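So, here's a batch of structures to check.
The two complexes that follow have chain A in common; it is paired with chain B in the first and with chain C in the second.
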Partner chain A sequence: MTAYFARRLLFALVLVLVVSSAALLLTRLAPGDVTAQLGPFAAPEEVASARARLDLDRSPLAQWVLWLARAGRFDFGDSFLYNRPVRELVARAAGNTAILAVVALAAATALGIPLGIVSGSRSGPAASLIRAASLVCVSMPPLLTSLLFVFVAATTRWLPAGGMTSVEALDGRWSTWLADVALHLPLPALALALPIAATFERLQAQSIAEALQQPFVTAAAARGVPPREIVVRHAWSVSLGPICGVYGIAIGTLLSGSFVVEFVAAWPGLGRLTYEALRARDIYLVAGCAATGGLMLAVGMMIGDLLLAAADPRVRERPAG
Partner chain B sequence: MLRLWPAEAPTSPPVRRGGQIVASIRAEPRSFNRFVSRDQSTELLTMLTQGRLVRINRATFELEPWLAESWESSADGRTHTLHLRPGVTWSDGAPFTSADVLFSLQAVFDPKTQSVVADTLRIGGQPITAKAPDAQTVVLTYAVPSGPGVRLLDNLPILPKHKLEGALAAGAFASAWNNTTPPSEIVGTGPFVLREYQAGQRVVLDRNPRYWRRAPDGGVLPYLDRIVLAIVPEQNAELLRLQAGELDLTSSELRPEDYVPVRDAEEQGRLRMIELGVGTDADAFWFCLKPEAKARDPRFAFVQRPEFRQAISHAIDREAFVNTAYLGAAVPVWGPVTPGNVQWFWSDVPRYLHDDTKARAMLYDIGLEDRNQNGILDNPSLVEARFTVLTQRGISWYERGTAVLREELAKIGIAVDIVPLEFGALIQRLLACDYDAMYYRPVVTDLDPAGNLDFWLSSGSAHFWNIGQRTPATDWERRIDTLMLEMAASLDPERRRQQFNLVQQIFAENLPVLYFAAPRLYYAHSTRLRGVVPSVQRPPVLWNADSLSVTN
Partner chain C sequence: MRRAGLALVTLVVVVALGAPWLAPNPPDRSFAQSLYAPPTIVHVFDGGPRAPFIYQQRLVSRLERRFEADVSRPVALRWFTGGRLVSVADDEGPLLLLGADALGRDIFARLLYGARASLTLAVVATFAAIAIGALIGGIAGYAGGLIDETLSRLTEFVLVLPTMYVALALRAALPLVLPPGTVFVMLAAIFALLGWPIVARGVRAIVASERERDYVAAGHALGAGPWRMLVRHLLPSTIGYVAVQATLLLPAFILAEATLSYVGLGFPDTVPTWGTMLQDAANVSLIGNAPWMLAPAAAIFIVVLGVNLAVQGRGRAPVQLEL
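Let's turn to the complex of A and B:
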């Protein structure tokens, strides 16, 4: 198990390094740079000073080496766009995205798994309806889903149409803040969760349908085990493997989906920060966001692996190495 | 047909004091120090929290006394004596004096500050010098006479010496009052004070209880207790939140495609829609005219001829352009100064009426005809009149505008390929003159042409068809240089106007940049907002924040 964790940790480090370095170099090599934010006709001295401050006057390789050396000391440089250290910006945004991602993943699991069990183990109009709804949700782009939810919230006024907290919570206590965040969460969380819930539903449905064809299910039925118990106690645990396997990927989907959802719903998270950094070519912020995203993805994949190991004894018993 | 409310109902109820409004901003403020940051959010925050010596009224464009209650100018226009308003204090209670004005000028011109405001305050390339005979008087001396006179001072927020002199002395003024500074440290003479900044979410401003300005009834201003600036990056979501009543104001004017849903919301009594007027900026279309960059381009021989660009101007049906690119909400224009700039717009500027036949004839006269019958004009060496037009990606009216351009030019045999680019890439190509033609809307930095010398002078950094010339590339640019420098230094308003009209005429005859339409700007706000005086300049409503109030 120690070797397994060491391997996963090494993988996470390599992932973070590769992703952030690639982000830095690609941002540097793309046409234009962040000094365009000074306006088309900024004074040349002002542009030169900003470029020097961001090491854009060095070669891409020299800039990367310098950044890497500083990153080793947990100094990821300053954001030009926000005029603050990247570390500070990314830490705050990652925390907000983590809140959103955990709730979205929980919602996707709570919706997708039970519906998948129903649609995979039964036939009839209910199963068809679930399948159709899943197809719609999978094919809806996050931009459309989030705008739709903002529209519904704006029209019905059941929920706030954006943001993470409201002004009314400014002077409140910790509990008031928490309640306020909880009120703002459903909109972006559902926009993120729906496509993942639909994926879970489709996977769970196929997986449980396959499990129900297994000989041990036939044997259980022959022993007189009630059908509901066969599905829940026997077939479901066997069918969980593919779901656990895609948990890591689901976290990646959450991160990419959060680009748009956080932007539309004005949620101050990592996705929105990355999107704004990319649009402005804010080079160190792009690299910092990519490193954090890579780290979150690695952690997500590790959680997925652990869940898979918990669900499937064959994975647990596989020799390390 | 748009139904519009007047800016203020004629029978307004008595103004209610108190309450808060929520306005949106599209991005975070980069700093709370306007001297070092030019982004819109910082500019808005400065407008709300800091005072200036004089103010240009954004609705009338007239100069108004502000922290300086009066002034006298010398006959040669170089010396201005300003008398400061007595009894004004900073929001922390410290008295506002001439020492603060001197300090602000010292800070803005300090090389270590690298101020983004400094260039707008240099006259004849020299900084303004200042002295203070007493605590209530400031004497400013300009290196050369300046036509705009004290109007320039609208660009200078006055910052508190007692809070920032340490930073200036330590050479750290550029990083002072950044967006991590505690709000209690940021003091001002503006109507509001910073209460809280929640990164990624909002900026909260409370009324400044020591604000100096009084309402017409003698009561204290501002009327509002609080302004919340919510950070809403996405424009569709911003509009939805406005319609839901979560926002009272948005950061900018409406897009043409938003007029219909906003009008519907207005009919339901949820919003009020107002016309701000004709915008002061128009979309521009131009070719790179830098000879050094285009020496090897065989098309440059005809592109550099004014007749070629005049023919293009004739080929564009501006009415169709207005209807397609702006969905009808625009007016045709023939020059960079739009009817929105009421002081400097010249209605007699030469016009090129839509006439394809005339356009074709003009092109024929300079040797362009369809020699190989493929529908595209060629010169005698069979070089085609085909161009790539760069524009900014994701701006709907640019996409529609360039589509009209392509169709209209195809009718006279000029082929155009449209390439939308990300903003950064577009600017890089623009500065390097690495393009055939470009379609973009450069923003006018000052309504007085003397404040836009970087555009008019051939050496200017915003002379975008041929940036930063050592000596004028053409005779007509040399003539414009001479006229603009005279105009900028002239103290006679009528002479300034005549000289600038002549500049507009020369510009229209040579057409280095073509303008087709200037948008009519519309704006929406909540129905509970009172005291709105709309402006075509940004911020359209919050420029007058001390006089805004709400009904409930």
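Let's turn to the complex of A and C:
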């Protein structure tokens, strides 16, 4: 058990390190650099001083080592684009993405799991309806759902069509800010959640249908346990294994999906920041975003592993995989 | 259900192949009087039923993008003229079945031509991903030992990366402005690099278990070398699995192209693909007034739904891939 998690932890560390280093070197070796932001008429001295500020005058390897040494002390350098420390920018953006992702994951769970139990354990119009709805949703990736929702919101004006806060609600009070964010959140969160909810529903339905085939269900039925209780208490707990397994994978889906949703719905998260940093080749911002993304991924995977281990003793016993 | 899915996919493929004949207008022709024009409605009733006809749309206000139909003069559609299924004469049109975009180009025509680019790219990338995945997975499963360990770790590593970010980073590292042909090759390569682990993981498992079978021992006894064994005998046994994976990758790649082009890192705007068309829909205030700009989103939905329906109950649940 301990060895298993030690290996997973090591994998997580390697992941963060490799991803951020690769991002740094990729940006450095790509043609052009961030000083292009100064425009074509910038004085050569100005360009040179900007390059020096970002350590672009050193060799890529030296810059990488320097960055690593600083990152070890939680100093991720400055963003040229924003002229602010990368740590500050990334922390805020990552927080926004985390809010979006956590709410979306919760919504997907709250929608997908109960519906999956119903459609997997019953037949009839309700189950068919759920199955059809989930097939539609699974064919509507975040790009399509977010475009659709933004369109609906823009036409009906039921919800704000994009952004995370509105200018009117900037009076500096916490409660106003929270209410404002809560108003902006449902659209992107639901756009992100729907396809994942559909995936959860399908998995849960399959898994509970399989569990209901098991002999212990027949035994419980023979003992006179009512059908509802068999499904909820007995079959469901057995069917949880595959679901817990998918949480570890869902985190990658969430991050990828949230990039798209953030872009379409103008949510100021890590995806947008990464995109801006990449396009401008703002080297330390790119590396910082990659490190944060890698960290979120690693944390999500660890939580997924824990869930899986909690649900399935065989995982705990397995010699790391 | 399965038949409906196959029908949808076939329909899209046929439409893509027949684009030059089916589209009423060339995809890059710009109608100066029809910027953001709404879809031209084809009427079949005029008092009583009659052959399909349209009313010419006249631009009333360029600022408000207001159009009015000239109902005094019905324009009959021309069938099988000038190498097109249906069209109208130049001075009586344009016939814009799904409206026009910001440059007055026929969205319907661009949608058909876009299907060609989007589908071809997805198919090429899928084959490439399968080739790489089958090779790496096959070697890992067949060789075992340290090679297996290394390749499996690599597979696992690439598998957990959020694909959209990696695609974005790889694309952004390359020059932003490139000719369409180069973009095509580059995107296919990036997608293949991201898609192969899904194939490799399963192929490795299948090959590793097949390797223990008697026919492999017999093959070895008859003098078959490792490469021959792997390529001629072991990899063919994974074909069913690989086919299922292909149906996962294909929609994911269509979507990846759309996303990259949507954010401006895919094809240039001059090439009609579903992604470059969606780019115009990025403007929120605009799509409220011109919802037909979302037509490519509907097209993507149809393809993904078609693939999902077609493979339902064939060894996989319609689970969406993260790309």
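We adopt the following convention: the second predicted complex is superposed on the first by the 289 of 321 C-alpha atoms of A that agree within 3 Å, B and C clash if a C-alpha of one lies under 4 Å from a C-alpha of the other, contacts with A are read in each partner's own complex, and residues count from 1 in each chain.
As a working rule, a residue touches a chain if its C-beta (ideal position, glycine included) is under 8 Å from a C-beta of that chain, and two chains touch if they have at least 3 such contacts.
Given the structure is predicted, the values throughout are model-derived calculations rather than measurements.
**Q** Overlaying the two complexes on chain A, which is it for chain B and chain C: clash or fit?
**A** Chain B/chain C on chain A - steric clash.
**Q** Look at A:279 in the shared chain and tell me whether it touches chain B only, chain C only, both, or neither; answer first, second, both or neither.
**A** both
**Q** Report for A:240: first if it touches chain B alone, second if chain C alone, otherwise both or neither.
**A** It touches nothing on chain B or chain C.
**Q** Quick check for you: in the superposed arrangement, does A:151 touch first (chain B), second (chain C), both or neither?
**A** Both partners, chain B and chain C.
**Q** Look at A:291 in the shared chain and tell me whether it touches chain B only, chain C only, both, or neither; answer first, second, both or neither.
**A** After superposing on A, A:291 lies clear of both chain B and chain C.
**Q** For A:259 in the superposed arrangement: first (chain B), second (chain C), both or neither?
**A** In the superposed model, A:259 contacts chain C only, not chain B.
**Q** Touch check for A:82: first (chain B), second (chain C), both, or neither?
**A** Only chain B; A:82 stays clear of chain C.
**Q** If we overlay the two complexes on their shared chain A, which of chain B and chain C does A:31 touch? Say first, second, both or neither.
**A** Both chain B and chain C are touched by A:31.
**Q** Applying the document's definition of touch, where does A:197 land relative to chain B and chain C: first, second, both, or neither?
**A** Neither partner.
**Q** Just chain B (first), just chain C (second), both, or neither: which does A:92 touch?
**A** Only chain B is touched by A:92; chain C is not.
**Q** Just which bits of chain A does chain B share with chain C as contact spots?
**A** Chain A residues touching both partners: 30-32, 147, 150-151, 154-155, 161-162, 263-264, 279, 281.
**Q** Using the touch definition from the top, list the residues of chain C that touch chain A in their complex.
**A** 157, 160-165, 168-170, 172-176, 251, 255, 258-259, 262-263, 265, 278, 281-282, 284-285, 287-288, 291, 294, 297, 300-301, 304-305, 308-309, 312, 317-320, 322-323
**Q** Looking at the complex, which residues from chain B come into contact with chain A?
**A** Touching chain A: residues 20, 22, 27-28, 30-31, 37-39, 114, 116, 119, 178-180, 196, 198-202, 204, 228, 230-234, 236-237, 240-241, 243-246, 421-431, 440, 442-443, 454, 461-462, 464 of chain B.
**Q** Would you mind writing out the residues of chain A in touch with chain B in their complex?
**A** Per the stated touch rule, the residues are 30-34, 36-46, 49, 81-84, 89, 92-93, 96, 147, 150-151, 153-155, 157, 160-165, 167, 170, 263-266, 268, 272-273, 276, 279-281.
**Q** Given the complex with chain C, which residues does chain A contribute to the contact?
**A** 15, 18-19, 23, 26-27, 29-32, 135-136, 138-141, 143-144, 147-148, 150-151, 154-155, 161-162, 195, 198-199, 202-203, 206, 249, 252-253, 255-257, 259-260, 263-264, 271, 274-275, 278-279, 281, 286, 290, 293, 297, 301
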